[in-house]
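Would you mind keeping the following structure in view while I ask a few things?
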Amino acid sequence: MKRKNYFLLAITVLVYFFIFAPLILIALTSFTTESYISFPPVGFSLKWYQNVFQNKTFMEAFQLSFLISTASTVIALLVGIPGAYALSRYNFKGKKFIKDLFFSPNMVPQVVCGFALFTFIIVRLRLNVRVALLVGLSISVVTYAFRIVGASIESLDYSIEEAGMSLGASRVTVFFKIVLPNISSGIVSAFLLAFINAFNNVPLTIFLSGPGVTTLPVAMMSYIEYNYDPTVSALSVLLMLMSFAVMLITEKLVKAGK
Amino acid sequence: MSFIELKNIDVAYDGKKKILNNLCLDIEKGKFISLLGPSGCGKTTTLRVVAGFIEPNNGSFLLDGKDYTNVPIHKRNFGIVFQSYALFPHLTVAENVAFGLKMRKLAKDEIDRKVSEILKTVDLGELGGRYPRELSGGQRQRVALARALVVEPELLLLDEPLSNLDAKLRLKMRVEIRELQQKLGITTIFVTHDQEECFSISDKVAVMNGGIIEQYDTPEKIYMRPSTEFVARFVGFENFFPLEKREDGYYCGGVKFAIEHLPESCGDQPKGTIRPDDIVILDRPDADHNVIEGTVTVRTYLGKSYQYKVATPYGDLIANGPNTKTYAAGDRICLHLPAQKLVVV
Amino acid sequence: MAYWLLLLPGLLLILLFLVLPILRIVLPTFVGESGLTLQYYKDFLTDSFYLKIFLRTIRVALVTALICVVLALPVAFYISRMGSSRKGIMIALATFPLLTNTVVRAFAWITILGREGILNNLLQKIGLASEPLKLLYTEGAIVVGSVYLFLPIMLTSLVGVMENISDETLEAAQSLGANRLVSFVKVVVPLSMPGVIVGSVLVFAGTASAYSTPLMLGGNKNMMMSTLIYQQAMLLDNWTRAAVIATVMIVTSYVVVGVLNTLAAKLGEKSA
């Protein structure tokens, strides 16, 4: 396979370069001493990172994004874990329909959801935009709960639940004392993935912004419209570090689970 | 009234084919009975009905006179050993065993005492702090047993608990399980497809086929005097040939055959059957009864014996002869079916 | 009975806050002054401005999916032949970008494709261009950004499928006279079709409904359905039109996924 190897290797290297070069580029531009985005960067400075932390809009947006992503992820899990359990352990009429329904948020474009929720929650129900954000993000990430936790449950030997029942535990006790501890790494994985996707969401949140209520990605987009400077690069690097941390923890969990 | 009574149990999924068909079974207290049969015969389903995992469509399950049919699983107080052992992966051995006691809300020191006692009984005294994934197959099996027994259940249910062990361990463990059962005097239902395993340790065996119990008897009776063709084939009988039932006995080809153990009942088309090993091969019709003449068609060397396929007026019969005297294909021989070994199904 | 309780929160959440709001905006688009009508849709699809945007969306999504397939096939094949530890690293590397923000990824391409961007500077420096090329705010830029966004998804989808093609299958092909290129085209590619289709569905749907990428890289002159819906709904307060766009997007999404899934099922039958 020698000749093919070099050809395939070359393509693979090129593709991976394509995937990573832009990100590395931004990372490099974030350290420049110049006041515009330059490559190669001139000098080394952390002032753009300082800028990020001193930017009130960014800080408030980060806080909002963080809190609301956490809250929606929790909701998604509270809804998704029992749902995934029911789908995995029970057989009933209409199961396929409900399964499709639970995975339907994937089929509807996020912008459509954003617009729909805007008209319903903000305009019709006149509720605070944060409610809409919370609900919208919960729905958009609930599929992670279903899929990842569902996979964990499927791989759990059902007879340990039967064993628990035969030893005197009610179904509820079995769920909390036997099922949950054994799918904990699946739950944490789902949490992290859902969190990061809620945090990064743009198409939904763009419809659900208001005065003082902007998520970080939206704030970033607005900033780029009027300012083209390395602050954005620095912020990008910080966000990438956050994603990287999420990835590391998830990988560790997947390994520990095995 | 027996300790355990299964009356007219029907189990069918979605009204389709019945997995269990009007099943009835009585078990005496303290006895070890096995459910034996090929896969799909319904033995595991029967066990799961008793355990409460399956609700029967019809019928009832009584324990000591009390109707348990609708009692929820966690209220039944039965000890169950699963084929996969079903140990809780997130708990240590000791915590696994203690689980049932915790559910019964016993005091902590009593739990600790009972756990260490039972672990010692099953020879796992040192391993209380380990996790299931750190144990061997045989060790896990013993944890499963300990966990089921420590709660002093009224009934012990074992679903093919030995099938995941290697041959040597299987022999060792089946004896251990039987000894433990006898020591504790606990009524036990054991499901298996392995004939030798089940015959060696059971008080009674229920041979199952297609959702019904074909014969429920001691291992000796099942082995020597199967009551149906299925059971006979299952325990190694071959050579099924038609018999004619007349008022004074059974006739084959117009000749009355002597049979020592007459069946209690049989269908309208009785068949005679005998094990290949039990047929006596003669050069000439020396015996005065139960003789069939035939021609050897195939001879196979089995090591300890020769096996002959013999063409007779009643079909091909298979007989095993000693490896000292041999017959060749084409020889005419006589097959004597001793009255004590001949069975009617 | 217990399972209904477990499913209830999920059902409520999705029915009340997804199905209901969407029905509320979709259904009125079929009701005109005198009852049921498709007038709004006729108006939308016959207006060249909107039709252009609709076709652009489909075009960009198709081209993106195609490019992703072409790029990912050889790479996925190469990865699928690796030992499991290296494979794991490669897949982890490929999926890391999926965790980064779309704004960050689009921003990266702005810095590269802009008039004073890295690519233009490079081209001018080495003399390939005498003045900055207009690379940004073009349809091509959207395609590049979308490929950048969804290539990892196509990769993981294909690697998953190709892992199941054993080395022996390829060796058999070669022993029968196929050289490496031919065996790739005639054996690997057909066997990978389920993965190609699944990946294409995801890439197509994702590209057609992405927002930040077309906005930041295409600008207002190259709108796609998603940026259009925002403009109509939030900037122009034209909710009816926005609802029409929304419905078209949903229908397109379901139709494309449905068609591709049936295709995948038919292929699945053939190979089964």
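Letters A, B and C mark the chains in the order given here, with residues in each chain numbered from 1 onward.
In this text, contacts are C-beta pairs under 8 Å (C-beta built on N, C-alpha and C of every residue); 3 or more make two chains touch, one makes a residue touch a chain.
These figures come from a predicted structure and were not determined experimentally.
Visitor: Touch graph of the chains shown: is it line, ring, star, complete or other?
Guide: Contact map by chain: line.
Visitor: Average the C-alpha coordinates of each chain, average all protein C-alpha coordinates together, and give the chain whose average is closest to the overall one.
Guide: The most central chain here turns out to be A.
Visitor: State, to the nearest whole Å, the distance from the C-alpha centre of chain A to the C-alpha centre of chain B.
Guide: Using C-alpha averages as centres, the distance is 55 Å.
Visitor: Need the CA-centroid distance for the pair chain A / chain C, whole Å please.
Guide: Computed value for the inter-centroid distance: 18 Å.
Visitor: Whole-Å distance, chain B centre to chain C centre, using C-alpha means?
Guide: Taking the average C-alpha coordinate of chain B and of chain C, the gap between them is 60 Å.
Visitor: So which bits of chain A are touching at least two other chains?
Guide: 171
Visitor: In chain B, what residues contact two or more other chains?
Guide: There are none in chain B.
Visitor: Which residues of chain A touch chain B in their complex?
Guide: 157, 159-160, 162-171, 173, 178, 181-182
Visitor: Give the list of chain C residues in touch with chain A in this complex.
Guide: 2-3, 5-7, 9-11, 13-14, 17-18, 20-22, 24-25, 71-72, 74-75, 77-79, 90, 92-97, 99-105, 107-112, 116, 118, 121, 148, 151-152, 180-181, 184, 205, 208-212, 215-216, 226, 229-230, 233-234, 239, 242-243, 246, 249-250, 253-254, 257
Visitor: Quick one: in the complex, what on chain A touches chain C?
Guide: That would be residues 1, 3-4, 7-9, 11-12, 15-16, 18-20, 22-23, 25-26, 29, 36-37, 39, 75, 78-80, 82-83, 85-87, 89-90, 92, 98, 101-102, 104-105, 107-113, 115-121, 124, 135-136, 138-139, 142, 171, 196, 199-200, 202-203, 206-207, 217, 220-221, 224, 228, 232-233, 236, 239-240, 243-244, 246-247, 251 of chain A.
Visitor: Can you name the residues of chain B that touch chain A in the complex?
Guide: 51-53, 72-80, 82-84, 86-90, 99-100, 103-104, 147-148, 151
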